[in-house]
Every structure is written in C-alpha cells, then in structure tokens.
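Supplied in structure tokens, the structure appears directly below.
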Amino acid sequence: MTNKIKIQIRDLWFYYNTNLILEDIHLDIRKNCITCITGPSGQGKSTFLMTLNRLWENIDGAKSQGIINIDFENGFEEITVPGYPLPQLRQKVGMVFQTPNPLPMGIYKNVAFPLKLIGEKNRDSNFEKVKTALKKAFLWEEVKDRLTQDASLLSGGQQQRLCIARTLVLNPQILLLDEPTSSLDETSVEMIEQLLVILKQDCTIIMVSHYMDQIKRIADTTLVLSNRQLSKQ
Amino acid sequence: MKKIIVLAIILLQAGFCLASGLDAFKEEKGILRISGGTAHIPVMKEVAKRIMTFNPDIQIIIAGGGSGAGIKQVGEGLVNIGNSGRQATETEVKKYGLALYKWAIDGVAAVVNPHNPVKKLTNKQLQDIYAGRISNWKNLGGDDRAINIYTRDASSGTRAVFWKKALKKGEIIGRANFVASNGAMKSAVVNNPYAIGYISVGYVDSTVMQVTLDGVTPTLETVRTGQYKVARGLFSNTKGSAKGIAKKFIDYLLSPDGQAIAAQKGFIPVK
Amino acid sequence: MRFAVKENLAQLFFSGAAVLSGAATLLILGFMILLSLPVLESGLLMNILTDPWSPGHGQFGILAMIVGTLYIAGLSLLIGFPISLGCSFFIQITSPHGPGKLLKKLVQFMTAIPTVIYGFVGVFLLVPVVRQVFSYGSGMSILTASLMLGILICPTMILFFSQSFARVPKNFLLAADALGGTPFQKLIYVIIPHAWPGLLTGLILGFGRAMGDTLIALMISGNSVMLPSSILDSARTLTAHIAMIIAADFDSIEFKTIFICGSVLYLLTSCGILAARILDRRQQG
Amino acid sequence: MKKPFFDRLLVAFSWGCALLLISAVSIIIGFLVVKGYKTINLDLIFADTRPLDGLLLKRQVFGGLFPAIIGTLSLILLAISFAMPVGIASGIYLSEYAPANQKWFFSLMVDILAGIPSIVVGLFGFSITIFLHHFFSNRIFPCLLISALSLAFLVLPYIVKTTQTAMESLPFQVRLTAPALGATRLENIIFVLLPTALSDIVSGLVLAIGRCAEDTAVIMLTGVVATAGIPKSIFSNFEALPFYIYYIASEYSDPSELMKGYGAALILLLICSGLFCIAHWIKNTIDQKQRFSY
C-alpha cells in the first residue's frame, strides 16, 4: 500500500436528464488500494464508476461535468477533456459488471476480444496473454481443455471470473468493479475476493459493494455514497 | 394409340414449319417486345414459341393491355410491335408515324353461358341490355334472374368494335362488370350462368355460347362471307416500317405458316 | 486517427441509408403530387372528385372509386373486427395456454398467405357461393370482396389487439384477481380501459390494410364504376382502378387521374399511420 | 359452481370467433389442396420440356411454371439484395446513432412507407420508368430491375423496423460490455450488437422475402408479363408466380389452364409457408443458443 494518488476528482456533477445524481464531488483515490463504495441502492454508485471510464456517455440522457485527472505513470492527465481517446482510456481503466456478461463467442475469443480491438494479431503472444489473464483470474485450470466452448455454458462464478480475465488481458492500471459478487455463490465470492487482494499489487481497484463483511475483509478505504455526496467512513 | 398418331402428325407439322418459314430468324439475337390487343395473344404465343424454339437467342415478350395500350406503347417506343383489334385512327398514325399490318379478320360475338336458354337477340335487344333498359333474362324468355353485363375498359379494341358496330355507339351502363381481356371475359361468362359479354370469335368454343344476332350466328364462316357485320381486322403496328426481328416476325405472321396458325386459333387469314 | 476515419465513414454510411429510407417515403409522395399537378392545375380537381367515371362522355370522376374503397374497407372491418376481437380474447384471456398459443401461431401463419391466394379462392369458391345464395348479380360484389378482405385483415388486428392486451400492467390484473373479479369483469374494468388506444390503433391499421389491398378487390369486387347502392352491387376500389387504367394512353386525362387516386390513397394511409402513432404513444405514456 | 352469465358469454364468443377463423383458413387452404394436389407434378413445372433441359436452360419451357418460378426467385434475390444493406444500415442508424428528434422523424417516415398500399409503390416504380424513358434513355422499359427496385422500397420498412427493434431490445449490459473493454461504437456494433441481434434480423429478412414472393400489385405495374420465358437480363420482362395466378384466375381459356392456376397457387402457398417456418425456426432455435441470459 502506498500513499501515491492515482485519481483526482474535482467539481464532479452528474445528472440523469434533470435529476442531480452526484453533487460537486472532490476526491482522491490512492494507488494500489482497494477502495470500496457502499451506500443505499439507486443513489448512483454505478454511475460514479462510469464517470471514471466515461462509459456514462453511452447512456441516453446522462450528463456530467467536472474534472477527473488520472496518473497513468506519466503525470496526471485530464481524462474529462472532450477529445480524450476513449478506447485507450477504457483499455487502461477496466470494468466488471454486476451480472457476468460474456460476449456471444467462445471462451478463448472472449478473453482475446480486447486484443482484437487493439489490433494485436500475433497468435502466439496473444495466446500467452490470454493464458496469463485466465491464470490470474484462477480460471485457467477449469477451462484450459475447452477454450473453444461457448462462454455461456460456464457457471455464473466462472463467467464472472472470465469477465475479470477479459478485463485483465490488457493489464489495466485501474479496475472498476460494480458489485461483482452479488449474483454468485459463496465459493465463487471467496475466490474473487482472494483474486482481488492479489490483483491490487498491479492495479488500483475501485469496487461497489453492499456487503459490509466483504468490505471489512478486503477494503483499504471505504466510501459511502448518499445524498449525492461521497464521504469517507 | 390414336392420340399418339395425332401427336406425331402435329409434331411432324411443327418440324416441317421449323425447316421452312423460320430460316429468316437464324443468326438473329435480342428481345422483341409485343403488347396490346388481347385477341391476338394466342397467335402471338404460338408464333413466339416456334421462333424461340428455333432460335433460343431470341426472346419474345408478350403482354396484353388492350388495343389502345398497344398503339400507345409502340408509338412511345416502349414495345416493338403494338397489336390492335381496330384500325389505328388517322391522328394516331400521323402522331406516331405508325405502319399498320393487318394479318387476320376477326368477328366480335356477344356471348352467354351455354346454360342460358336465350341464344338469339335482335340488335335492338342487345343495345337495350347494354344500356340497362332490359335488366332481366325473363324479359327475353330466360330465367327470372338479373342480367349480369360484362364489358371491357376503354383501351379495348374489341370493345371499340362491339360498341361501334353492335351497340351502334349506344350507352353502356355503369353497373356493368369490367374485365381486362378477351380471356377474362370468357372465363367470366363461363362461370356465370346469367352473364352476357362479348369476345373475339377466335375465343369462342364449347364453354360459351355465341348469341345469334338478328338471325346471323357469328362463326368463322359468317364473318368471312361478311354476313356477320360486327367484324374487324387484327393489326400489328410498328413505329415506322417494321425493321429487324419485328419485320421478320410480321413477315412470318403473313407467311403461309403464320396464316395457318391464325386460322387454327380461330381467325380468318387475310391471304 | 485511422480509427476515427473508419468510425465516421461507417456513421456516414448508416445515416446515408436512413436518409435514403426516409427519402423514399417523401419521393413517392413527391412523384404522386408532381404527376397529379397537370390535373390540379387544369382546375378539374373538383370534377374529378365528384363526377361519375365515363370516359366516353369526357367524365373522369373517381368519386365512385373513393366510395367503393371506403365501402369495401368499411364492411371488411365490420366483418373482421368482431372476429379479431374474439380471437384476441381467446389468445389473451379465455385460454392463454394451449389452444390460445396454437391460434396465435395460426394467425401469424396467416400473415404469410399471399393475397393473390385469397383472391384466387375468392374467384372460384366464394363468388359462385355468393351468386347462388343471394340469387342476385354476378357474385362479384362488395360483400364478396369484403368477406375475403375481412379474413385478410384479421391477423393484423388480432396480433395488434393481443399485444395491447398483453401490455396492460400485470399488477393491475393481479389486483383484479385478488379482489375476486371474474374474467369478464377483468376485461371490462381493467383491460379495455387500458387497452382501448391499442384497439383503435389495430382498427386503423386493419382499415389501412383493407384499403391498400389491390388483388382481392380487383379479382372479386366486379370493378364496375357506378356508385354502389347495396352490398350486392359490384364496385371498384381506388387500387383496382389504378391497376386497370395503367394500360391507358399516357397523355389522356383518365391516365392522369390514377395519380390522383395514388395521392388520395397515400394521404389516407399516412393519416391513419399518424393517428395510430399518436394513439400508441397514448397507451405507452 | 356455475360461472356467471357474462363469463360464459365471453368464453362462447371467443371460442366462436376462434373456430370461425380457423375454419375460414382451413376452407381456403383445403379448397386449394383438394383441387390442386393432383396437378403437382413435373409436367406442371416443365410442361413438355425435359426437366433437366429446362433446369440447365438448354431449352425454353413453354406452358410450364418454370419461367414463373425462376422469375420470382430472381425478383426475390434482386429486391432483397437492394433492400437488405440499406434496411439494416438504416435500422442500425435509428437504434444506435440517431438523436431523438431524428429518430422520431425517420421512424415516422418508415411507418408511412410501410403503410403505403403496394399498388402506389408500383405506380411510383412505373412513373419512374416513364420518367427515365423520356429524359434519359429510350431503352429503359418496365423490367425485372425496376420491379425489384420497387419491391425493395416495399420491403425496406420491414427490414428497417426489425433491425431497429432487434438492436434496441438488446439488454443494457450487452451494449456496455464492449465499450467498457475499449471498443468504439462501430466495433461494438460489428462484434457484439449485430451478432447478438442476428437471429431476429434474419427472421425479419426471411419474412421480407415472403413479401417479395407474394406481392403482385407492385410487379404488375412494373414489368411482369404473362409470357416472357426465363429473364435473360435484369433489363428484360419476366414472369412471376403470383402474377401467373392472378392472370389465370381472370383469363384462363380452358380447364387445363385453370388447373395449372390451382397448381401455381398451391406451389406459391408452399413456398410462402416454407419461408414462414424457416423464419420461425431461426427465431426460436438459433435464438436460444445465441441469446445470453443476462
């Protein structure tokens, strides 16, 4: 754990149509930490995550203003400037959703999908990268014999780890997780928690979670979102 | 066995035709478009079949539409040959520079369903029927049923001739059912015991009954002798003198083979 | 940067296609109006809308066709609407499982039956029957065409009706059930008040379908040009009129009137669509 | 317990209507089948030409349905190849790119286009032909190409609608998955959205093909004729099954010709029901494998 700041958030406002969701947020997020966000549902926790990779721009009626700076090891860059290249941003800021969302293709292709997007064509090195990512996500042993099988045939926990592997394949510096364990059984939850603790050596992790015991187990910092404000617990 | 012999004779005849009149179509290639008069269609189809069998590089397209459409379309250059069951008017000839080729004579007969006891009409009665003044078969000695009048649309040459020579340019009541071709008229009358309509004599067969008009039964014979007056020429028109395949097609129509087809389909050859 | 070029090209292609689709609609309207202009300019419009059709006397009125169209479409709606309503009750309310599902499949299949088949069966089955039963006319009549059209437009209406029944919020239905309502009461007090805009929309779409059909009217309505006085008279619809006059002389007034027919049909159906849209929004909103 | 009167009435009414409709459809289909099944044989299609010769286009088929079947097939092929790219692209634009006001306008236009009677679309195609004939080249006639283009206009709105609905009904999370991995909008459409919505789109396409196969009003104004043989090029006239049926119904000259009409009607009905079944099969079978449960 370091005290180095990875993300600076300044004057962040967020609206859905005319509803104010986030009001004037100021926040610093530390590098190589697990930052957990909790709070009542429907208050905009997922929305907050989406401001960090600007995924909210894909949602109709959403509007945001304010400044977010991220230090991608070259000093702070303002990711909220209009022309900031989104694909590159989202490759460095990975995201995992509440319900596992494998793409309609095979297991291998799912994990290799981000490589395809950045135009990596070398099959050998791609295979190695996919293998590494699957290993990091504790999935390699379970799927190495059926890499071409359709991803929808995996169990829920496996699917979620697949989605994590898919995000890890590009070695993101920041990992956003939106209640990643809420739809999973106990063993899967445990596995993913273990995995996150290991991952934070390479990544800055920001996770939305409802489970206080989970937060206690893994969080370095806990933030509560309520009344449009984020506050430290 | 008999059937086979008849078939063989027909085939032989066909083979004979192939060798003789069709030689002109050798080496030709392309599309020939024909439209217009629907009375012409059976002859056109048979001629086209022979030509296309002889030389598959020629495609002949036959559409109906009626005489008016035939004249108009050939004039506009939309088709190569425009058929009409009436002589093109002078204004039409002048406007489009049409060349007219008459290749058969045809009568237009009033027809009823064979089950209808009414088989004779006077000219006056026919006019009254079409004008709506007589509206029940009972008044003519038939069943107590309303008369179902069938007529063609304004583009029809058959209608033009029937209207001029049989109805003496009398009125046609708006209640009449409209059909689009000689074939359609015939099938309408076949299916409706209380119908009256008019078709080319070439289309008359056992399924419909031609009406004896003022004592003259419209048949090939009475039309040929001129006894039956409601007659007309069948024309194929081209824009300017016929050229290319169109010329050869018309030449073939006027050749002995072509004339034989016309006769076989129930028309009176001109040669 | 190549990325952006590709993205923009794709967006250009997609939007171009959308513009093309939209333009097609306007282009057709434009052509209809443009080709109606000669008639409009000659000041004959009123004559054409009110005169009888009698080209021999220089009268080219399409009133009889407009009346014929509305008559046939109206009657077919009268026949088709109760059947469709009953069938959609059957599908959604009376027996939503088993038989209802089967009926829905059949109705969907009906949309795939070509109209020319309805016309063909009409000519050789329905026309003789109508002639025999009523001992009047040729059997080709408004009634004959309306009977066939009534069946033809059923799937349009049934599918729309059952969809709008299905859109009634589930908790309302549950509430009615919990209060001990019978299916009939549920229908009258919950479903109909909620689904009426959908019913009306289905009705409009059915009417549009009946009005827009050419083949059935052309084949079995008899195509006479008189103002019909009874449902056993034959009549001509605007669509059949276009099909029949298309072969006429291009320069003649009769030919030009078919564009008036086209414009009238276009405008009537677009008004229907607009109304359907407003109603649809009402049910959703 | 006895059901209340109105409930029994409701049940009786709905059963009555259902039975009425079912019997009407069965009568229509049954009539065709009973009258027409005997005519279904190779002679109906190839007449006196040897089937193989006809199929290989060695000899023209006269008096059989072969040219009409080929005409209908080429019509479908052409019309769909015009309408498919434009329709799918417009559908994508409407669901993925268009701002609200444009979406409103374009989908209204598409709805109106879908509502226009097909004969008006045919009249449009016809007048375009006359227009081109007068002002561009007097070698332009009503022909296969014009018919196919007009038909494309007719089925375009179906394709646009099904594509748009298929894309819009994709769950929210599916739409966000690829962008979260750094995919651009286009990559998201090509790699994720289209493949996921594919089964719906394809079944819509098959239904559009059915529309092309059955439509008569458009083609009778734009180039179909009773006798043309196999179309030699897209600029020639052609025959088509539905028009053949219409033509026979109104102009048949003898009972044997009429029987061919029954045969043609039955064949067309078979083709259209076949297409319907294929569309359903695609929607139901492929769907379950492709669609993800999240």
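Which chain is which? They are A, B, C and D, in the order written, and residues in each are numbered from 1.
Note that a residue touches a chain if its C-beta (ideal position, glycine included) is under 8 Å from a C-beta of that chain, and two chains touch if they have at least 3 such contacts.
Owing to the predicted nature of the structure, the values given are computational and were not obtained by experimental measurement.
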| item | value |
| --- | --- |
| Joint neighbours of chain D and chain A, given as chain labels | none |
| Shortest path length from chain B to chain C (each step joins two touching chains) | 1 |
| Pair joined by more contacting C-beta pairs (C-D or B-D) | C-D |
| Chain occupying the most central position, where position means C-alpha average | D |
| Chain whose Cα centroid lies at the greatest distance from that of chain B | A |
| Approximate Å spacing (C-alpha centroids) for the pair chain C, chain D | 18 |
| For chain B paired with chain D, centre-to-centre distance based on mean C-alpha positions, whole Å | 36 |
| Separation of chain A from chain B, taking each centre as the mean of its C-alpha atoms, in whole Å | 82 |
| For chain A paired with chain C, centre-to-centre distance based on mean C-alpha positions, whole Å | 53 |
| Where chain A touches two or more other chains, by residue | 87 |
| Junction residues of chain B, two or more chains touched | 64, 76, 179-180 |
| Where chain D touches two or more other chains, by residue | 184, 249-250 |
| Touching pairs - complete list by chain label | A-D, B-C, B-D, C-D |
| Chain A residues within the chain D interface of the complex | 53, 55, 58, 86-91, 94-95, 97, 99-105, 113-114, 116-118, 150, 152, 166-167, 170 |
| Residue numbers on chain C that touch chain B, as the complex places them | 52-56, 64, 123-124, 127-128, 131, 135-140, 222-226, 233-234, 236, 244-245, 247-250, 254 |
| Residue numbers on chain B that touch chain C, as the complex places them | 64-66, 68-69, 72, 76, 145-146, 148, 150, 153-155, 172-180, 188, 191-192, 194-195 |
| Residue numbers on chain C that touch chain D, as the complex places them | 3, 6-7, 10-11, 13-18, 20-22, 24-28, 31-32, 35, 82-87, 89-90, 93-95, 99, 103, 106-121, 123-125, 151, 154, 182-184, 187, 205, 208, 211-215, 218-219, 239, 242-243, 246, 250, 258-259, 262, 265-266, 269-270, 272-274, 276-277 |
| Residues of chain D defined as touching chain C within the complex | 3-4, 6-7, 9-11, 13-18, 20-22, 24-25, 27-29, 31-32, 35, 85-87, 89-90, 92-94, 96-98, 102, 105-106, 108-124, 126-128, 130, 153, 156-157, 160, 184-186, 189, 207, 210, 213-214, 216-217, 220-221, 242-243, 245-246, 249-250, 261, 265, 268-269, 272-273, 275-276, 280 |
